[in-house]
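First comes the structure, then the notes that go with it.
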Amino acid sequence: MEAIAVQGLTYQYHSGSPQVLKGIDFSVQPGEIVVVAGLSGCGKSTLCHCISGIIRHNRDGVMAGNILVNGKNIEEINGASLAFEVGMVFQDPDTQLFSPTVEDEIAFAPENMCLPPERILERVSNALEVLGISDLRYANPYHLSGGEKHLVALAAVLALDPPVLILDEVMSQLDIVGKQRVGDALTRLRDSGKTIIAVEHDLQAIAFSDRLAVLDDGKIICFEPTSALLAEPSFLAAHGLIDVEYNGV
Amino acid sequence: MPFLQLNQVAFTYAGKTSPALSGINLSLEKDDITAMVGPNGSGKTTLTKLMIGVLQPTAGSIYLEQRPLAQYSLAEIGRRIGYVFQNPSLQLFCPTVAEEISFGLTNQGCDPTVVEERVGFYLNYFELTAYRNAFPLYLSHGEKQRLAIAAVLANEPEFLILDEPTIGLDAYRKRLLEEYLQKVASLGRGMLLVSHDIAFVNRMAKRVITMGDGRIQSDSGWRGNPAYDA
Amino acid sequence: MMLDPRTKMVMVICLTSLALVYNRPAQLLLLFAVTVVLLALFHFRISAIWGYLKPFLSLMLFLFVIQSIFSPGNEVLLAIGSVPLITTEGLIMGASVVLRITVVIAAAMLLTTFSSRDFVLGLVQWRVPYELAFMVSIALRFLPIFKDELINVVTAVQLRGIELKKIPWGQKLAMYRRLALPIVYGAMLKAQQLAIAMEARGFRAYPRRTYLRRLQFYWADYVVMVIFLTGTIILMIQPFI
């Protein structure tokens, strides 16, 4: 059973406006890290928003096609419960963090899941540790730096412990240490069976992924094992993933 | 004479006990490209906000063109230093993209034909022409970035501070940004780039300042900060 | 002094009720003094009080004038012909209205002396449905966000080289009007994104939710609540006894 199966997905902002997604067929196996890349405006974020169910429940716009998560059609899963199947970390941390302390923020998801307090505490401590931000436990998220906010937002979603994780450009605001930590954490999560879809530009983020999907103008033009694509720098350069002069990582 | 001079500047956020910045001594020239790097939370953004007067130092003094920064109004600083925020949404407030770019010029009484010309130029250069009448907050992150940079550049300030300008930009657009910033620099405009994109910094900057724990760890060139060995 | 947030909420309710019942400036001033003492006890920065009151100054001035003018009274200070314009009673009523608003705002500041998470916990433990509790908490949290949006825009506008203090009123008003739409829209977008983020973490998936921490009353809370409630009731009944 595939972790994510997208069939014939199209999306327009309003009926009559040009299609942002023009017929996407896409599937991800459990325990894979897939990176979705492409030039700004190609539809990568929109694709993620569709898969995580956000678009169907919260935005207008016309969506057609089927999306199955862990074998279930997202149409049949109630809005907030979809979060237990697919955890999504958004691009802008400022609109995702609303609690007085980092601990409260990370506890929010397990509280919504009705876990007992000991389990909630466990999840909070795990999430903090996995990302190496235990020292921020009692900090006010509002006063953290951009990169730290991203890490907190990621920790807050990790606390859901969903089988599928979608990250919308999380790596790009992190410094090298942060990227390394998140990369290691994601690899470990993948090894424990989680499926991860990451929207990224950064080659360093892409390097640890299993497969790379490249979007262009609303269509997937290529979906291959990352190692194979990394061996073709000219192709990657043509799609804005690396600079022409790059020699790889 | 340095364009911007900081003497023993320190800053602590209200209600906090440990300083965000301490003992900062720095001088920036008008025609240099300087990069500021450092791990998350090292105080880079805070320092840039002090430089444009959005925050006031708790100790030390800052001089802009040899005059104390405190004597300038925010608008006067804005005409000399263009600042691009890390989160571009924070500085977009007009109903359309074109108006965003023309805002500063129009409200300073610039000639409408000149304004129109500049708007057209920047829309074109940053590939935003298709979005001329779009609502800025609806654009994607990368597009908002480009718009914020265009809007600030349209004012033609002498010095630019860009806080993490490459976030959200794909490699192709990063290259375009680099080209444009190089052009701007060659016209004698100085720049301070806050970034942790090392390749970008290496390609762009003549001088590199490394921040750590609220202090300047090193100036010009990398020096054994293990987190920063690429 | 560490009191349960619910105790503080009871205090706010008592102070606000008294403020609505009292209409003499002396009483309201006393209430204000009590509120300030409480704020100080809860480590609220007294200097920040002015910052919270400042946005309401023009409203208060407006209400003061409206309340004072044309109010009937015995001691006429100013009249147009035979119509009394300003009377002492009118001035007193005007002052009362202003003081009332001041007390209510100051009492509301007591609500900021504990975290928004404790506020939600307090309401939930009082059997308020959690969606409502979060809604109120986030609405309260949105006031500073709105303020920040405003500050951001004003800063951004000035950084584009516009000297806000020096441009003529007409132009300034026109600019504010044009900026109002994106500001409001921006804040609304933020609110929407926040709602989406909360749902993306399972908010409202189930009719109930659990909590990492629970609030607990101690004897100090009971004592304070009893004092405030009985005191308020006595003071409210007193004129009728």
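Which chain is which? They are A, B and C, in the order written, and residues in each are numbered from 1.
Here is the rule we use: contacts are C-beta pairs under 8 Å (C-beta built on N, C-alpha and C of every residue); 3 or more make two chains touch, one makes a residue touch a chain.
Computed from a predicted structure; not experimentally measured.
*Asks:* Taking touch as defined above, what minimum step count separates chain A and chain B?
*Replies:* Counted as steps through touching chains, the separation is 1.
*Asks:* Higher C-beta contact count, A-C or B-C?
*Replies:* Top pair by contacting C-beta pairs is A-C.
*Asks:* What is the distance in Å between the mean C-alpha positions of chain A and chain B?
*Replies:* 29
*Asks:* Starting from the mean Cα coordinates of chain A and chain C, work out the distance between those two points in Å.
*Replies:* The computed centroid separation for chain A versus chain C comes out at 40 Å.
*Asks:* Averaging over Cα atoms per chain, report the distance between chain B and chain C in Å.
*Replies:* Result: the chain centres lie 37 Å from each other.
*Asks:* In chain A, what residues contact two or more other chains?
*Replies:* 92, 94
*Asks:* What parts of chain B, by residue number, touch at least two of the other chains?
*Replies:* 89
*Asks:* In the complex formed with chain A, which residues of chain B make contact?
*Replies:* 13, 16, 38-41, 45, 86-87, 89, 140-143, 164, 167-175, 196, 198-199, 227-228, 230
*Asks:* Which residues of chain A touch chain B in the complex?
*Replies:* The touching residues are 37-41, 45, 91-92, 94, 143-148, 151, 169, 172-178, 201, 237, 240-243, 246.
*Asks:* Per the contact definition, I'd like the list of chain B residues that touch chain C in the complex.
*Replies:* Result: residues 52, 54, 73-79, 82-83, 89-95, 103-104, 107-108, 135-137, 151-152, 155 of chain B touch chain C.
*Asks:* Within the complex, which stretch of chain C touches chain A?
*Replies:* Interface residues on chain C, with respect to chain A: 115-117, 138, 141, 190, 192-206, 208-213.
*Asks:* Across the complex, what residues on chain C touch chain B?
*Replies:* Within the complex, chain C touches chain B at residues 152-153, 155-165, 167, 175, 178-179, 181-183, 185-186, 189.
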